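These notes open a run of structures that come right after.
Below are two complexes that have chain A in common, paired first with chain B and then with chain C.
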Partner chain A sequence: MSSTEAIVLAKTPRSRRRHPVAVWVSIALLGLVTFLAIFGNLIAPDATAQSILDSLLPPGSPGHLLGTDELGRDVLALTIAGASSALVGPVCVALGSMLLGILLGTVSGYLRGPIDFIIGRWTDLLFSLPLLLAAIVVAGVFGAGYWMTVLLLILLFSPSDIRIVRAGVMEQAARPFVEAAQMLSLSKTRIMFTQVLPNVSSLIITNSMLNVAFALVAFSSLSFLGVGVAPGTADWGRQLTDGRAIMIDNPAAVLIPALLIIGVASAANLVGDWLGQILTRTGRS
Partner chain B sequence: MTQLNAANTPAAGAHPDTPAAAQVTVTGLTVDGPAGVVVKPFDFSIAPGETLALIGESGSGKTLSAKAIAGLLPAGFTARGTIELASATIELPATDAVWRATRGRRISLLLQDPFTSLSPVHRCGTQIAMTIQAASATRLSKAECTELVTQRLAEVNLPAEVARAYPHELSGGMRQRVAIAAALATDPELLIADEPTTALDASNQGEILDLLRGLQEKRGMAALLISHDLGMVRGRAEHVLVMRHGEIVERGVTSSVLNAPSHPYTRALIEADPSLTDRSAGVVRAASGAGAGGDAATGVGDLVVATDVTKSFGDKTVLHGVSVTVGRGETVGIVGESGSGKTTIARCIAGLEHESSGVIAFHGVALAPGRASRTPKQMQIVFQDPYSSLNPMISVGRSLKLALRVAGRPASDLNGLLQLVELPLEFARKRPAELSGGQRQRVAIARALAVQPELLICDESVSALDVSVQKQILDLLAKLRVELGLSILFISHDLAVVRQLADRVYVLRHGDVVESGLCHDVLTAPTHPYTQALVAASIHEAPTH
Partner chain C sequence: MLVVRVLGTLGILLVLSIIVFSMLHLAPGDIVKNLLGNRPSSPEAVAAIRAQYNLDQPLYMQYLIWLGNALTGDFGQSIRLQDSVSNVIGARLGITAALSGLAFVLALVVAIPLGVQSAVRSGSWIDRFATGVGIVGLSAPTFAVGLLLLYVFAFYLPIFPVYGSGDGGLDTLWHLVLPAITLALGLGAIILKLTRTAMLRELDSDYVTFGRARGLPDRQVHMIALRNAAIPIVTGASLVLTFLVGGTVLAETTFALPGLGTLLQGSVLFKDIAVVQALTLLVAVTIATIALLADLAYIFLDPRIRAKEGAQ
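Entry: the complex of A and B
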């Protein structure tokens, strides 16, 4: 019976049909933002240049497609320049917390025992820290800054990564193929990282893409509140704060970065989901 | 189709002993799948009180045929044909309304797995009552319902208390009895039993089938028995259909098909079934040579000696001092039902489980509990489930090369290894998901043999496979044993399989060895009543009494 069902599953093209259009649009958007993050300097060389004469131009003004803000900065140029801070930080946060998650989660889930207990309490502690409060305290003690925020977010994002990897590893560790590896007397480290971890990869990739989305939103919120990047920097969250006051004169100054934050966060979610499905299919038995 | 609302629907519990005297006829049954015809048109009819067996391997289309008749085809599949019952004629494909009036009332389906076919959150009595209530014309009072449930449970030889139990509180055999009671609660004209005993222990299988047979004769109900096991069918079905690749290749009266099969496929199925072929001295055993067994008998060089091994999980003791010896070049079988501790003793020997007390010695040297004291070359395991014992993310070639490297053998030995287990060389590039169950089990055997172990532990290694594949793997093991001089510890619940391969056998029950000795002696003249019951249950054609 089970093999009949397996055939049925294999023949149903459902998994191939699952929102491919949305995925391609998401990949295109992420590609565009990545391109802007890398080459933004060449397209918009002086995004933060101010010109009092040009202040508060509405969208569609000659030479300023999306108009200008209170300080006379071109909104389009500012938005393009903001791509790099919107992407680099979240990606670093996702990678950093993924590394911590892989390391501590695998060790915790495979070895169990006292080390699992210690790592478990450490994640409990981190979980209980409120993001905003921590950010304000860190900014107060060490000074606000982009990279300080990256480090803080890595620390605050890592407990969920650790928990997820730990759960995945615990599930896999009970499988007979792990016992087959034990029968070959492979070292624990080797079994953890070469046998068990590849089977958790879909979980890790999906989760990291979600983290990119969450981190982007977190960065933008912190910038909006003024504890993220320094004033005057090109940053989408910063644009929201600065543009709030001029919403009537130039709505594009707020709407465009806001839409981009939503768009990139959703795109990262969708692509992560899709990558996870592909990886799961590769390893499906 | 329209006469479905005819007043012929028997009220639940009404006169179970007055048979509806008309036969069930199915004509032109065809199943179309997404990629064309899956089951080619075939006809059959079943007289009241008779059983028709539909035999085939997994993937042959037998389950799809059954689901087509019950109106439970998965999405993407459609059925054509006509089902004629005494009370109604159903033209396939039929609407949901027709199926609701038919399924569970005129046609009942008994599923393979009693562990999943019952709802875990409802008491057994409630589940039986639900079917009775659903089929009843009038609303029954609570007392009437309880009364009927008790009656139904008594029919399947279960005490009335079972009504208050949840499925997880019952054993597999009892659960399947509850499922039967629920399936028969509405006096269906046709019962479709889809592999009803595959998930059960040997000793339960015969009982369940005989129970079904008795109930069916009493009620004059027609039954369609779906099975992959020809031996199971002997004496339990009047007629048999053999299906292969969605086509009926042979049909006829059961005894004549079993005794004089005309189609080569049927012949292969019969040969593959250990219970139907010569069971005292299989060809396989003869080939292994008396030499190997003789050595062990004279006590020359015992490879593994486990003495008084006990094992507890929490406050549950699963091994009460088990002693097992495997001689060099000897094949030793450990048989017992699930829960007997047979897998635990194997895992203790392999070091995957830490024994609570007792000594396990290898070549006369006692080993500390756990893997740390053991080397890969001493022993390897082939696990039961080939679907989870290979790492799904790693190709066959990489898995095998890893094992070769552990043994210090060059990676170029890979081809020889694949040849040894009779797999094509291009399989090295495949991932486990691309392989069938039998092919995966060959890879698992190759991985175990890559390190050239002295002892090969087979933990139910063939029980997840189809009979014909089972035979291939058993033949392979027999061949390897002779070629490589392997010692094998063979764990199985299936006496017929152990009989083919083992020189000596231990019978385990509730963590105790109840009988041991030469395989032939123990299995032909068992002395312990438990062994006698096991042996009786494993000979399918003789119903247990």
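Entry: the complex of A and C
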């Protein structure tokens, strides 16, 4: 089954060595992008302002460090403004999918029985859909906007969270402390969410970080294909679509956003793996 | 077990086909207008569409007729390309198959030896290099990598052609090299990771220690371990395939290749629903079939499971 592999792939540590330097670089990059996502409006207030006179300036032109694109928009300002679109959506997707995962995964793994069966078949169905294909079709045919795409991706990302939480909860549920809690006749809800759940938190945190990386890839792919974000929005994927045609005149319009997408996704992935390693090492799971 | 597995696959395909069918009715806008596309909406044309899609029949009959036609290869007409959907798909299948095939071979040839070496010399520079490439390959979106390669190897160093699929034969193959490398990076990263994880587990096991103690050469020990590691690698095939579906759409769009991926993108943007339905169903059936075959390969590769199946 693809699901088990996905989980194995998501949580097996890549290497026994830690990568302190790479991890610090990644955290710094993520910090920078977060900063830009929050304060980008102040640094580059009119990023999407067009100016036909300044169209297609090469990098290093006066006043335009990275040049301009076909519509005369400053590439640096556009890239800075694109940080919020690149980060807000993926973080919302990771949080939403985490919430669904915690809720359905805990209930499914602790109560078992028919409810587990129904949730299990539901995740089977969602897992059998190639994520990107489903997102392209739904976002494209139904003309979904940015926030509809967020909801759609939450739905499509949730199976992996549900399965990981479920597996973790099932493992915990067999332990003596759960039996002790049952003896004290705590309610099922209380056992599930205050006793069992904290013990699988390291799995949840790790997977959410990895989800941010994959959601960023999914989001930028959708906007690259022309679905998801409205034309004219400052968005890295969108910049790549527009910049493809002007690669000779201004390579920076393509290279900078492309490197940023690759860099941020890799950084989130690396930090996710690293969190997984240190959190499991401290024995919280 | 096997029967349950096959029935489960059929069940999922059935549910998916209902979802795909309802796309026609759920898409925003008037259904007849959607189906007419740019054609003038004369009463005759509207009547023809209503008859062709059996819109006067109850919904379940519409579904059954649609499914029956789909199973016999009739997916209706593409409103964008003014041709039958099966012709449209048939004309583009070749390039997508060539692209994915080339990428798959490239990924296998590089990733499996690299994964084995990286597990055997865990912690060495080769392992760290493989891990680094793996993380980037696993996280970098196909189109971003494609555009970088396009800039470096087609604009900066004009070795490869920029866009399109060439004039057939060797020229087409030459046009497919860059897209295939792009696609192979993501594919290879998945295979590399599966191989490395599986090999590390096998190298830890008793039979490897025993083989070494008996003085078998390293090469032979690694081959035996790889044979056992093949099981998780093969069952990861569905994961690889899921990546491949999204990856080809992005790679073809990046390099403007006239394959199924660009067909899907164009049809989605044009709301050419019949084509989208056909492609979605095609992908779903392919993935389900490959996943099933991977499970069968699992039985074939692992004698323990074969024995258990036989006993039941």
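Just so it is clear, the second predicted complex is superposed on the first by the 248 of 285 C-alpha atoms of A that agree within 3 Å, B and C clash if a C-alpha of one lies under 4 Å from a C-alpha of the other, contacts with A are read in each partner's own complex, and residues count from 1 in each chain.
In this text, a contact is a pair of C-beta atoms (placed from the backbone, for glycine too) under 8 Å apart; a residue touches a chain by one contact, two chains touch by 3 or more.
What you see is a predicted model; the values in this text were computed from it and never measured.
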item: Touched partner set for A:R244, first chain B, second chain C, both or neither; value: second
item: Partner chain in contact with A:A215 - chain B first, chain C second, else both or neither; value: neither
item: Touched partner set for A:P198, first chain B, second chain C, both or neither; value: first
item: Comparing the two partners chain B and chain C, which touches a greater set of residues in chain A; value: C
item: First, second, both or neither for A:S185, with chain B first and chain C second; value: first
item: Partner chain in contact with A:L133 - chain B first, chain C second, else both or neither; value: second
item: Which superposed partner A:I262 touches (first chain B, second chain C, both, neither); value: second
item: First, second, both or neither for A:P176, with chain B first and chain C second; value: first
item: Those residues of chain A which chain B touches in one complex and chain C touches in the other; value: 1-2, 5, 8, 12
item: List of chain C residues in touch with chain A within their complex; value: 8, 12, 15-16, 23, 26-28, 122-123, 127-128, 131-132, 134-136, 138-145, 147-148, 150-151, 155, 190, 193-194, 197, 232, 235-236, 238-239, 242, 245-246, 249-250, 253-254, 264-265, 268-269, 271, 273, 276, 280, 283-284, 287-288, 291
item: Of all residues in chain A, those that touch chain C in their complex; value: 1-2, 5-6, 8-9, 12, 14-17, 22, 124-125, 128-133, 136-137, 140-143, 213-214, 217, 220-221, 224-227, 237, 240, 244, 247-248, 251, 254-255, 257-259, 261-262, 265-266, 268-270, 273
item: Complex contacts: residues of chain B adjacent to chain A; value: 33-35, 58-59, 63-64, 74-77, 112, 194-195, 350, 352, 371, 374-376, 379-381, 383-385, 387-394, 402-403, 406, 431-433, 437, 444, 447-448, 451
item: Residue numbers on chain A that touch chain B, as the complex places them; value: 1-5, 7-8, 11-12, 175-177, 179-186, 195, 198-199, 201, 282-285
